[in-house]
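Look at the two complexes coming up: chain A is in both, with chain B in one and chain C in the other.
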Partner chain A sequence: MNNLGFSEEQRDCLQEIINVAMGLASDKLARFLNTFVHLQVPSIALVGAMHIPEEFENRYQDAEAALVSQGFFGNEGVRGEAIVLYQMENAHKISALLGYEAGDVSEIEMLTDISSILTTTFLNGLADQIENSLSYSAPRILSSRHGNVADVLKNTSFHWEHALKVDISYQLIDHSFNCDMILLIPGEAVSNIKNILDRILEAY
Partner chain B sequence: MFQEMVCNPVLAALNSGVIVIDDEYNIRYLNAFIERHGNLQLSEVAGKSLFNVFADLPEAWLKRKLMSVLDLNSPAFSSWEQRQYIFKLPHLRPITSSSQYMAQNCTMLPLATAQHEQPLICILIEDATDAFVYQQHLSRTLIELEKANRQDGLTKVQNRRYWEEQLKQEIHRAQRYQHSLSLILFDLDKFKDLNDKYGHLGGDFVLVELASFIGSLLRDSDLLGRYGGEEFGIILPDTGLEGAAEVAERICRAVADYSMLFNQQTIRATLSMGVAEFEPKQHFLHDDLIRCADMALYNAKRTGRNRVCCYQAGETDYHKKAN
Partner chain C sequence: MALPVLICDDSILARKQVRKSLPESFDAEFQTAGNGLEALAVLRSQEIGLVFLDLTMPELDGVGVLEAIKAEGIDCFVIVISADIQPEMQKRVMELGALAFVQKPVNEDKIIGVLKQYGFI
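On to the complex of A and B.
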């Protein structure tokens, strides 16, 4: 897999930062949901954004899937778009945990809420570690139910050069929940991130 | 400080609402936008509960959102597309908009405060009434477009494409639920003569008049469509051959008795009608049902017009050339 010119140290450092961010996010989620959240070490991969549609085509082909996008931007040229992909079945599980009752809110609101919570808790944890802070745009649904996931991803990832794929699996006491998160980042942001990683590596 | 000197006027001039509350939902700040639209003064409402000052708020829902902002230290959002407004405020397009209240995009942000200070939440309210109005126009246009896409331009009954789609669906339904289903195809007798005598405008007038008249004779569930030229079809769900034949007879007689006035001339027309019933066997497609009704229609033509003929299973004796 193409590592977009990240050195092995930089990649390890990024994985570590993501592990910690995910840990912080699951800790917050656990307290918010009042349940134990077990988290698997997320696997990450850096790829060219144009390869993203084919990566997810198979996994989200048949089932009802939802895609929610949220833009983020911070200091030092860190910016991009986070996309959360999940099966609707999974979305219903977590919506029950969040305390939504059927008919309480629209499905779209439920989807944007879940995605926003997952995205912002995770990215805030990431930003904390690199001494940055992020602002977010409102989440918007790219597709839900019968949209063609690959086509929607093609239209979105087209605007970006690179993508950081993060496979997220949460295990809650009675439920398991997994989704994929894609962080789409522009070319210049990659070199900004490399600089940040180098600074962290130097500090050790 | 320069920053403070500038910030207050900017907040006051901002064309968005800013409300700051603490973790007990008490109002700590609101800007001029909210003061003016909400017709209230910061000095009067400071320290009061948000839910008392804005009595119409969806309290349980909003509290859950605000709770997530505090617990997760991350923003929450609400879009006018899901919830048209949270705060009941008037907007600046009272005449051109059909909505009474300002459509809003709201963002709820955790505000960074010092360790021992009370946590604060900033609620940003953006006026999305323009987007709401455009969306409404768009929805209306889409509904009209969809209607136009289904309608025959001249007679306003279903056009052939949509009508055939309906027929396919009804056949599917009849097959699945073992319901009966019948089809009537009918044709105006000697339409060419009508056109020759009264001109094409007269011919068109007859088509429009009869389509509307026949439509008024049908049940809500019957589906009338223009199959082409002077040929029309009626789909009759939950109706067997006998019932459909009765409907056809009734229409045939009523049309024969119906006189239309065009340019001070009375026009009369008659119909030839073919009736067929759906056979619940496999591989019986909508084409087959149309073919059966068509055979019956041509039998009606062949045997003298202004009459109804029913398709009998196994029938093949018909003459395409009759008209």
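On to the complex of A and C.
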């Protein structure tokens, strides 16, 4: 893992905070889809934002993908952009579960809804634990077309220095559904995050 | 006599959070495990009175540990401490014999409440 100078203790601390936030997001997702979600330990990495397109190019190059983005703003200069990436094949499974037709216009709305649930629940859970509070811009679809994931990511991540990459895998009963969440954050946010983690670690 | 207690969580921070939430009056001897397999190794070789058990873990998860405890008839109380708060998961661990379910992150109020409820303090 490229850790950009996170100590092992800081990484462990961030991982646990993310686990708790993920648990909240999964619970919301399970209620929304009326199913049970099997949780896995998410893998996290902090990388340079410029490396983001290449990180995801391979995984998504042959697949029809959808990207949904949502900006967030908090206290103490905490801000960024959360992107959720889906392979449409996965999205179709979910829409079938909810009774949508594949390719339906409302399927895109469904993805926007799911992304918003995941992003805001996850980030609120994260913010609560670091004693911050966030507000959000409306989610927007960046792309749902074939083969241009890297380009879209390039255009979006261009404005940011760092990215917290969270690989999320939700397994539903009878279905498997994977998505990736990327939190794009400005450079100063990384040292803010480290300070916050150190503050939490000091308390224990 | 001090109660032998096992704290099982893959996160060092989470293990410390449990430890720090326990009151002074709780007379216990602590051991830790970083995943379910490590926990079972301890449980199979030693008498453990109480386990604080995480669910989402690598190698073997908490549900796997509860299943093994039940199948092998290991005698211990288990308090699940997890971020996986889905009602169905809470129901599942209780059915597998867990004493209580505590939502992460833990704090003194939550831990003391559950320890008092079941007469550990």
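To be clear about the criterion, the second predicted complex is superposed on the first by the 189 of 204 C-alpha atoms of A that agree within 3 Å, B and C clash if a C-alpha of one lies under 4 Å from a C-alpha of the other, contacts with A are read in each partner's own complex, and residues count from 1 in each chain.
Following the convention adopted for this analysis, a contact is a pair of C-beta atoms (placed from the backbone, for glycine too) under 8 Å apart; a residue touches a chain by one contact, two chains touch by 3 or more.
Remember, it's a predicted structure, so these values are computed and weren't measured experimentally.
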A:24 touches, of chain B and chain C: first, second, both or neither? second
Contacts of A:39 with chain B and chain C, given as first, second, both or neither: second
Contacts of A:69 with chain B and chain C, given as first, second, both or neither: neither
Partner chain in contact with A:121 - chain B first, chain C second, else both or neither: first
Contacts of A:90 with chain B and chain C, given as first, second, both or neither: neither
First (chain B), second (chain C), both or neither touched by A:136: first
Which of chain B and chain C A:201 touches, first, second, both or neither: second
Which superposed partner A:113 touches (first chain B, second chain C, both, neither): first
Shared chain A surface residues [contacts with chain B and with chain C]: none
Residues on chain C engaged by chain A in the complex (per definition of touch): 10-14, 16-17, 20, 55-58, 82-86, 88-89, 104-105
Complex contacts: residues of chain B adjacent to chain A: 61, 64, 68, 71-79, 81-83, 105, 107
Residues of chain A defined as touching chain C within the complex: 9, 12-13, 15-16, 19-24, 26-27, 30, 36-37, 39-41, 129, 200-201, 204
Residue ranges of chain A touching chain B (in the complex, touch as defined): 28-29, 31-32, 99, 104-106, 108-109, 112-113, 116-117, 120-121, 124, 136, 138-140
